[in-house]
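Each structure below appears as structure tokens.
You will see two complexes here that share subunit A, one where it goes with subunit B and one where it goes with subunit C.
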Partner chain A sequence: MTDFYDLLNPHGTVAEQRMVEYFTGSHIDNSRWVTNQLTGGSTATMSTSIDGGVILTGGGTTNAKATLGFNNVKQYTHTGSVFIGVYKFSATQASTIQTLGLSSADSNPRSAPQNAALFSCSTGATSYYVESGDGLNFASTSTSAQVDTNYHTGKLALDGAGIDFSIDGVLAVRRTDTIPTAPMQPVIHLNSDIAATMNVNYCEVYNT
Partner chain B sequence: MAFPSVYEMTNPLTTVRKQHLVEWFSGDVISTDGTGRWNNHGSNAPLYLVGDGENCGIRLTGLSVGYASMGLNNKNAFDVGQCTFISTFRRNSDNQNATAGMRNNPVSSTNGSYMLMDTNANNIQLLNNGGNPTTTVTTTPIHRNWTTVKIENDRANTSIKLSLDGVLASNGTSTTNISSAGGQPSFFTMMSSGSGTTTLDVNYCEVYNT
Partner chain C sequence: MVMNQHYVEWFSGKELPSYLFAESWGGGSYGMAPYPHNGMWLSKSTTNGSGAAISFGATTPYTRRPFSCTASVFHIVVKPSNPVNSRAYIGLSDSKGSITNSIHFTHDTTKTTYELGTFGQTQSGSTAGGAYTVSSLPIDNVRHHHRLESKSASAEYEIDGVLEAIRTETLPKGAMMPHIENYAVNTEESTYNITYLEIYNT
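So, the complex of A and B:
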């Protein structure tokens, strides 16, 4: 028998901040997550589908947005942290952006002047890209990893010098410019002109 | 060896993790009023109170002719026939029908897979339903001790296995009427007969799709 602490931390190591969210149950844990950005009739609710977790649904109006965040409580460091999410995108249409990762803002998390490290399927794209902000500017790098509508595991690892993005355990790209310079929170973000959906059934974030 | 993440404690990153729930039932209040994870599906003003004592977890109390039933408000993210349910619990009453397991609807036996301790029967039972019911009676007598139940629903291999305190129950395997429906973990307590108060304590629940 070992303890949970020692399963996650080498002996003698002081644990750093960590969050595990299973997105299971009657309601979103609103003592943890907030929806400070629900526009155009968009919603964020618990799914009733097997493996469905939480589902963000676009309101079907132009530029409708749904964002889950931590009410701008930013405990995860730009110098060493990891974000892991299990998600499913409903669409790769030209009118939909689907994003997970870390940002300094829980509204409009993927634009300057935010500090951010995010992976996205963006408007009309057929492959993932990784975008980041340093508090002044925003930039992105495309990958060759193709977007589909199956469940996947995405991971962002920040080490202070760059951002590694992996999908299903395989490194897709490393970004080293315009990287964040301040702490952030986990965010899940949908921006769509149609009633697109994004399911997320697991999210884990920790400082390293 | 330390794992880098909770994710990697149970899955390599090359495997996409399925829905998974771990509930410790520890803290001030476990909300069952439709604002938190759990939901009240009972009748006649049941109670769901976190216990102020060692290992108490949450106590479900069914009153009078009613019952206490706790579930996830029919947010059925789990596959009843292809998931594993683990819970540590204790029934406390002399005249009691207490269940723990997976149900499509916490107040229906249809499309479920759960363990039953019923004072009107001598032994622990595994009840499952995929449209029609199957009752599997183990050789283990019902009791009022803390116990860990594990139900491995494996539709792909046509079996449901009930383990008690880490040991596969003697005559604890069902091979018929395995559900294909979505479901949620559920705990239930009421009188086996007549009217009165029954209680059921739960201090751990874990469910994951396989």
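So, the complex of A and C:
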């Protein structure tokens, strides 16, 4: 039997805060996650499909939202943390925003005045972009990585000076302005005018 | 190879997981810390004899004890807040007391260093008693990684990857559950923050 601790931490080091969520089971772990923002008939529930994890579904009405967060328990630092998500977007059309990452708010996580580091497929865009907020302003950087409807691994790495966004192990962009200045929580957010969906079957966050 | 029982808790999220039994008394408290690096907290108040604890059991007899007394490993990352007036028992026990059947370490500010304790008196009342073996790490308020291992003829205690103590007497005799308790007979506040817990049978 192997010490799981030793798989994640060099021998003799003290582990930093970490969270691994597999989104497997009969329901979302309600002691860990909160769905504070389900509007317009949107839902967040456990998928019944293979590899489906949790599925956020838009209610099919204008500006309907679904958001998973930690009820504003902000255990991950802006100066050194990593967010990893394995996800699948259902749509790349102009009427849907699909977002994962870290934010200081579990409702409307991707707008000022939040502290945030997020990656998104947003309205009207066919490529990913990285958004961030510093507690006052919000800004974004586009990437050349094209959005599709396959599963991907997205990673945000914060080091206090910038945010590196990688998709499937390839660095897509580094943002260095309007970066967060306060601790955050993981968030998974869908905002759509249609019944778009987003599946997430893995989420890992840790302080470095 | 067939995997044995294995448990990992990150203490990250909006509240404590429902499968842990958390309790406090005398004004003590517990909860999920809403800021980085602190996981959950167990706090003692200024009330003499107050405290807080987590385990797998609410009432006797404690039946949720899936970990072996002769083949198990316990990891924890914990940070004490107070190096002067606090005490915690941290490890595995057959009950919500740590001095019946248990393997644990103590952060006890009435002592000089962290210590490994083993106790071999089961809930049914055998009387093997228990004792402590000192480590080389002075009592502090620094976050450390502690590892306890119960073997068939010994108990081992590592701090930050260094073997600090071995005991071969008064070893636990029965199945155990995690039991982490902040309790002291004084009027000082103290808090222990836990960011990681892993237990498995070898």
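By definition in this document, the second predicted complex is superposed on the first by the 206 of 208 C-alpha atoms of A that agree within 3 Å, B and C clash if a C-alpha of one lies under 4 Å from a C-alpha of the other, contacts with A are read in each partner's own complex, and residues count from 1 in each chain.
Here is the rule we use: a residue touches a chain if its C-beta (ideal position, glycine included) is under 8 Å from a C-beta of that chain, and two chains touch if they have at least 3 such contacts.
If you're wondering where the values come from, they're calculated on a predicted model, not measured in any experiment.
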Clash or fit (per the criteria above) of subunit B with subunit C on subunit A: clash
Touching partner for A:Lys74 - first (subunit B), second (subunit C), both, neither: second
First, second, both or neither for A:Ile50, with subunit B first and subunit C second: first
Subunit B versus subunit C as contact partner of A:Val14, first or second or both or neither: second
First (subunit B), second (subunit C), both or neither touched by A:Leu100: neither
Which of subunit B and subunit C A:Asp3 touches, first, second, both or neither: second
Touching partner for A:Ala91 - first (subunit B), second (subunit C), both, neither: neither
Which superposed partner A:Arg32 touches (first subunit B, second subunit C, both, neither): second
Contacts of A:Leu190 with subunit B and subunit C, given as first, second, both or neither: neither
Identified clashing stretch of subunit C versus subunit B [61-69, 97-105, 133-141 or 151-159]: 61-69
Contact residues common to both interfaces of subunit A (with subunit B and with subunit C): 9, 13, 18, 20, 29
Complex contacts: residues of subunit A adjacent to subunit C: 1, 3-5, 9, 11-20, 29, 31-34, 69-77, 81, 183, 205, 207
Residue ranges of subunit C touching subunit A (in the complex, touch as defined): 3-4, 6, 8, 10-18, 32-39, 73, 75, 77, 143-145, 147, 160-162, 195-196, 198, 200-202
Subunit A-touching residues of subunit B, taken from the complex the two chains share: 2-7, 9, 12-22, 34-39, 72-79, 182, 207, 209
Complex contacts: residues of subunit A adjacent to subunit B: 6-10, 13, 18, 20, 22, 24-27, 29-30, 46-53, 82, 84, 86, 150-153, 155, 166, 168-170, 201-202, 204, 206
